[in-house]
């Protein structure tokens, strides 16, 4: 509609901005050249048995200490066997990511949940619980309901 | 420390304010006197096989239509059998309530999860996943990481 | 700047990712083929007196029970006449959606508000209230101000 | 009251902690002694035609510049006549405060709304809209629904 | 995969929607024609010693009173010298914007922080603190830990 | 006002509930009896050069693995020297905790910041930045402002 001017330019360039991170995403070549980062990427690939390393790790690569600590935590919390099954953990992860409005995390963990066998019916029930909880959270907060003594830890 | 003045009064009365809701909490006698509200309370007691009705419903009683619709949804989403087990649903509920910082809901649904068999080990793993997700949500948002094409729905 | 490699690919494909949902969006043909979903879509079109059905419902179509319950609630809460006028309800809806950082909902309900007569001046005052509330919320929380006894429900 | 141990002491004192702010709440005597703070308090009392000044302003009194700017904004946004009526503004304020989980603001603005005539029926409808919006926000975010082109500003 | 139909159209147009604001973005020509808006833009350019005026102000231009008040506050809070250095203020700003999931603000203030000298190491430490705080916030809320009396303001 | 009945009981007991956590808070005696937990508590006391161990760690003690990992991260992120000074880190921590509405974390880290020298003037400027950011976050989200191309990482 408009052929020139800052307004038009802004909107055109904005079309590109959703590919912008606030830090560089590391290429495989850049990863190869940094032994500390490469060691984490090698472990991600070996642990997941896949060559694909998603953008989250490519952005964290700018901060090797943070990269190492975050991957160590993810491995310990999400991958090591425990008392909650892996799919349940992914659903909890998506629930948190949804309320925090983290588009990246909703996408990556919904994909992970599907890879771990999430069915459409389970996804539907998950969505219903997240919606129901959001609704009653709003009601309880707007009404400032006092906690019942019956809920005390024994 | 202080014997008089508004400051002191404010702090004393504030000690009471956490028992304040922004609407009246209905007593059993008040519930008895309102057939529409009573019908919901009767169904809550029958469904849960318990005489205890927590404050959430006593606050919603001010709004019979909202009370009816909310209880119908809770019953359908949380109580009717489906493909997710009841404990998993409670964990998703607590995860949402935690991120929404709803103290009432965290308390009531942690109590509900324990009643459904949540062990300390499971609670610990749940907490670890919620903490991990919160951490990576913050990182992904601060870094504005673009979603990988590999996460697209097939 | 780069002609090949995962980094470049990731950023190109990311350009597409904002059209990705985490579930399929149903086409009209798919809706036609499912009587349960079709019944809801027919009611949406009849109620709104418009052929346009927005993506929200096309995504919920994957979960017929959730679709039915959500549409029934929206119809009851937002469309049935009550004591708050329709435009006021839309403003409350946008306020909630803004704080929850739900881009989809901010867009859809701002469009709905304009369709119901929201003027630029009203939008400006709405924005000022939302901004003011966000500011004082942050101050009250950072200062952990105790609630005054004077605010108790009579 | 107690015989020994940090744990027990902590829990007893915690019963008091909800009267703690993270900054001093100014008494009337302290306000009197500071001309800059006193001028704002005088204007609050004159504008509201009431001697009661709530804790929010008593906490901001520690920061005279912030106190002045915040009161000036509140006066301009919430009190000066405009195109939205005062009750509608309060409902938007409570909606924002609810999603931000600001207990103080939910209490103070629900009290303000009642003072401006909010009826129980209106409060019920308000709660229903806030709950509905929270629910659909969660669904739209969990599903990452792409915005329809039809919602574009004309 | 699909050549026609609403589904396809929706997804194509959605590719454009991330350039959509919910209000018009003012061009330089439009700004020139409105003395009140122009005065703010002139002051932004003079204060920042740059011709570039970002989209935030072009959207606020629809509401001159809000534009004036917001710019006056930004100038007072972020630009006037005080006891916190400008880079620290930007880091606080990005932290708030991250938790509020405001993509625009994360981008604009990360760019501003870099312009004020933020190094990659500082950015990494900032990210680590934001992630750590998010994690412990979730733990403290899920555990509903009572505040220690030792934290009371002296 | 009322001498008996569930309503009254609920409100009385609610007065106690703010001392309730959703898990046991460990006493010093309980910590002594568990070598794994005791090792962490010993390190907290040695690192901080203080006998006081706050409730956060007493609640995490129920989950030794989570306790160890969280303390290790806190020590690395908040205590080890880096490029951001300790007070700046605390301010970022409080900013995150405020937006997440974590009362416990706001209290504990405001106390920590004061212990590290935070002055009233600095606190006032910090509050002003957090309030300003919250306000503009709301405006940018409600307006869905597209990111300027100028903010791209170089």
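For clarity, chains are labelled A, B, C, D, E and F in written order, and residue numbers in each chain start from 1.
The rule is short, and it goes like this: a residue touches a chain if its C-beta (ideal position, glycine included) is under 8 Å from a C-beta of that chain, and two chains touch if they have at least 3 such contacts.
As the structure is a computational prediction, the values presented were derived from the model and not from experiment.
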{"item": "Counterpart interface for C-E, drawn from E-F, A-D or A-E and sharing over half of its contact pairs", "value": "A-E"}
{"item": "Computed distance of Cα centres, chain B from chain A, in Å", "value": "24"}
{"item": "Interchain centroid distance [CA atoms averaged], chain A/chain C, Å", "value": "22"}
{"item": "Numbers and ranges of chain F residues touching at least 2 other chains", "value": "10-11, 14-23, 25, 52, 55, 65-66, 69-70, 73, 96, 98-103, 106-107, 110-111, 126-128, 130-139, 141-144, 146-148, 151"}
{"item": "Chain contact topology (line, ring, star, complete or other)", "value": "complete"}
{"item": "Residues of chain A touching chain D in the complex", "value": "94, 98-99, 101, 103, 106-107, 110, 126-127, 130-139, 141-144"}
{"item": "Footprint of chain E on chain A - complex, ascending", "value": "2, 5-8, 10-12, 14-15, 17-18, 20, 22-23, 62-63, 65-66, 69-70, 96, 100-102"}
{"item": "Residues on chain E engaged by chain F in the complex (per definition of touch)", "value": "18-23, 25, 52, 54-56, 59-60, 66, 70, 73-74, 77-78, 82-84, 88-89, 91-93, 95-100, 102-105, 107-111, 119, 121-122, 125-126, 128-130, 132-148, 150-151"}
{"item": "Residue ranges of chain E in contact with chain D within the complex", "value": "9-11, 13-14, 16-18, 20-24, 65, 69, 73, 76, 146-149, 151-153"}
{"item": "Residue numbers on chain C that touch chain E, as the complex places them", "value": "16, 18-19, 25-30, 53, 55, 58, 101, 106-107, 110-111, 120, 123-124, 127-128, 131, 138"}
